[in-house]
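After this come two complexes, each holding chain A, first together with chain B and then together with chain C.
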Partner chain A sequence: MPDAVLYPGSARAGSTPTFFWRNLALQSFVWLASLLIIGVFLWLLGDILWRGASRVDWEFLISVPKSAGRSGGIAPIIVSTVLILVVAIAVAFPLGLATAALLSEYARQGGAKVRGVGLSLDVLAGVPSIVFGLFGNAFFCVWMGLGFSILSGGLTLACMILPIVIRTAESGLRMVPDEWRLGAAALGVSRSTTIVRILIPAAAPALVAGLMLGIGRAMAETAALIFTSGYVDRMPRSVFDSGRAISVHIYDLTMNVAGGDPNAYGSALVLIALLIVINSAALWLANRALDRKPSRS
Partner chain B sequence: MNTPFVGDLVPDSKTGEAFTLGPLVTGPPCCEPVPKIRVESLSLSYGQNEVLRNISLDIYGGCITALIGPSGCGKTSLLSSINRLTDLVPGCQVQGRILREGGDIHAPGVDVHALRRDVGMIFQRPNPFPLSIRRNLALPLREHGLRNAREIDDRIERSLKDVGLWDEISDRLDAPAQALSGGQQQRLCIARALVLEPSVLLMDEPCSALDPISSAVVEDLVESLRGRYTVVIVTHNLAQARRIANYAAFFWVKDRAGTLVEFDHCKRLFESPRDERTAAYVSGARG
Partner chain C sequence: MIREAALGLSFATLTLLAVTAFAAEEPSTAAPLSGQLTITGASTIAPLASEIGKRLEETNPDLRIDVQTGGSARGVADVRAGLAAIGLVSRNLKDDETDLTAFTIARDGVGIILNTDNPVSVLTDEQIVDIYLGKIANWKDVGGKDAPITVVNKAEGRSTLDLFTNYFKLKNSDIKASVVIGDNQQGIKTVAGNHNAIGYVSIGTAEFESEQGTPIKLLPLKGVAASVENVRNGTFSLARPLNLVVKAAPEGTVKSFIDFAQSKDVRDLVKEQFFVPLQ
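Now for the complex of A and B:
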């Protein structure tokens, strides 16, 4: 019995019934839980594929919705979604990177600034998205006078994903070994050059991961967009037009439009496909960044 | 302390042929003790923790000065106070003066970047940046205002030849620096310091993370720098200190703070130490 030699615990477990049953119960629970999760995921994906696949074709992607979305396609919705996403990322990524650099490189660790910013980030990350929607409506739509527009929606989403982007970028920067900071300082290289030329490239995989999480959250967002980028399902002419995001479209079709379910499934399939494409692209980018550093060898 | 002791101070010329900048041992002959850096009653502490107490020491131009002593006696702290890398450590306080070219490097208005450009540093673990070999060397040059691409290439080539890496890697300058072997990485780091044309090099156990053969190569390289550069080297390898250093300073922990016990010509410190702690340490009886 080599097992008994290697793991004296297992020999005892085999010998006393209580241990045996306890072990078996725990193992079955662990397996069941994982199977359950995989099952739910497959069910969801299968359901959407099953009901959505027949709807999605080239025509669906390039035509405009008809009869409140019951028939026709989702071309303007895809365009609005991408525009909202571009606005959100274009604002959140540089801001997030700058804040992360402040937190990890400039501020004194454990100082008031780091703790203050950290606390606000954690609170922000926990705020429900509907609250972001109300805030976005009051601040961007009304106070700044942007109205219901793709710009308002994108800016609101930017506020919402900032905490994720900052936290992942910060931890990525912190994981860069100190020896490069010291090495650069010893060469008289300024801190800004060190951050831009050495630390950010070294932390690129973490930055991309943060970006991916942010995109995932932004794409799936409904509540924050209803109040900010609006409902209009026409093709937007600029970011100042109102535009309907894909998740809002799904919500509207299932909740407000009788007979909208088939197209809702089609849109859900497109949403999932978009997420997979964006995530794979980001992963590919991250891997390329890693390949430039063969430190893994 | 300043009495000439010519015997061991004649520069070694055996490593002359591998390098390109003409005769390597130029500048002031190192048997003339001209102080390049004067450390005057330096005390250093991290918060409440006193690491160095009242160190006074002259570092002679063109010579190799070895700092020896047991771990935790502040040798590395002394080294990194010479280029003010201690500024980066939160809570680090430095008292006393370090005079270089007549001025205190801690005086207000001293340009730290210029100081670090002239006082290069090599770390224990090779730390090439995660960039290509060429960009590792170009980055500090660009940072200090060199824009001319040809001049940058020239200086890269010269410094790589100086460390004996040119023949090994000249065909793959755009390869990642971290693909090099440990010894090559350390020589690249030395080249990266040399490319800025410093006058002083601080070395913190540059061979201790390397295998014996790479270690010997780096040691020969350090020895070849004598005369052109003022080298301060921390080493735990007493045989190495004895082989390459002109001067040696022995540190010991006293009342939980590092103190300088003895500073002398290397040969004399090893062969006829005046302090019994030095004698015990260099003979291997203690420490």
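Now for the complex of A and C:
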């Protein structure tokens, strides 16, 4: 009975056909699962394209919303969204990178500091976004006196995406082989130069991945923004003005404005297009950083 | 012929006179408004208030009216805390809110809706109460199909919920809801997507959605059809005012906004949002 020796699991079942069927079942399940995932994705994208494409044209992108968003375009909303995103990334990325460098380069591995920071990050990453929204409203809008503004919204989002940015940057830095650190030390390169010139460029793909995850979460955010950057759909003059983010606009058009669905689909299509554009730009930047990686020169 | 012409001429003169008189009065009020006005509150009123604000901004380029949403309760709290100059409250003020003053800008009826697939076309007030209390849980008990009833209720803090529970003398904690929803359109979409659901939403939007082919229908209450017309003439009793509320006697920009929001100049905006303008 060589079969039983090779596949002990099939010995009790007693026959090769059972083994064959079990194998087939598992294989088809795996295929079905992946087909289902692709199907859901295509359905979603197709639905938005189908209903949104007729709405989106140049006019839609450059004109202001009319009649509570039922007609007109979404120009101020795109501008507000991008401004909120810029504030969030400008704050979260340097802070996140610095914290990641502390965790992976300066702090003792497995020490109380690393575990403490790690635990609080994981808890923060699991906090629902509406909680960040309420915190942002109480802290940035009221306590710091920033009011409903793009700045308040961006800072709230920065708090929200920090855990993702830090965790991915940290694991990226950790993946750089220790030989590089030792080699740099042997050549008398200072620690700060090692981090800036060697480790960060080497970890660039992971940093960009973290950035993209952060941007994705930030762009899709509604709950954290409706109480911080607000509901005003006018063209913002500065980051101190209230500005409506695109996901807040989509939410309002579908849930609050009767007859707003067509423009909600159009806005959803623009949101997806924006995400693709921003992610491609981030990838391009990562590739450029990779080209400058010391290993290649 | 001549008399008609004379009449037309005198009419024109009258109008001209009226316009001059109006213009003479203008300088006191026509000084362009400026500054920033923050308004927060009911999500139902927020789109209307935004549109009114934009129209007022058109003639006053230095004025900025920022409208934020979040619910009537938030409107009351923000006005009290001084975070907003005007609050949006889509119900009558409560007994413990006498520190505030309300200015009604429009009315909104709330109607019971069912899916068009549901053969039930009339429900008495008692039946509606029993459905929401869970005493009637199957449509066959009220003359419908043998199917369980999906009760759609509004979330705590929503004015439509207060209006509904007040009218039917229900306590929210006694309601056996299958689905709890937030904004108005969510109610319409929930009932449109579930053949056995019952919910309550703004009549104006329900009429519009139903004309657009959304599979929902409005039920009459006490024999009165749930229509915008019946809300306007006051015969439909499940209705509410849409209010602007302020803490102190309005003056300056606040007063200008309230006056403008109550004027005929914005009647088309009120209708555009499917609400009922004041007489």
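Note that the second predicted complex is superposed on the first by the 275 of 297 C-alpha atoms of A that agree within 3 Å, B and C clash if a C-alpha of one lies under 4 Å from a C-alpha of the other, contacts with A are read in each partner's own complex, and residues count from 1 in each chain.
Assume a contact is a pair of C-beta atoms (placed from the backbone, for glycine too) under 8 Å apart; a residue touches a chain by one contact, two chains touch by 3 or more.
Keep in mind that what you see is a predicted model, and the values were worked out from it rather than measured.
Once the two complexes are overlaid on the shared chain, A:189 sits against chain B while remaining clear of chain C. Touch criterion not met for A:112: it reaches neither chain B nor chain C. In the overlay built on the shared chain, the residue A:259 is in contact with chain C alone; chain B does not reach it. Here chain A touches chain C in the complex through residues 67-69, 142, 147-148, 226-227, 230-234, 242, 252, 254-260, going by the rule given at the top.
Per the touch definition, chain A reaches chain B in the complex via residues 108-109, 177, 179-190, 193, 197-198, 201-202, 292-295, 297. Chain B makes touch with chain A in their complex at residues 83, 85, 88, 90, 112-117, 120-121, 123, 125, 127, 129-131, 139-140, 143-144, 176, 178-179, 189, 192-193, 196.
Contact residues of chain C toward chain A in the complex are 38, 43-44, 46-48, 50-51, 54, 64, 66-70, 83, 182-186, 188-189, 202, 204-205, 208-209, 212, 272-274.
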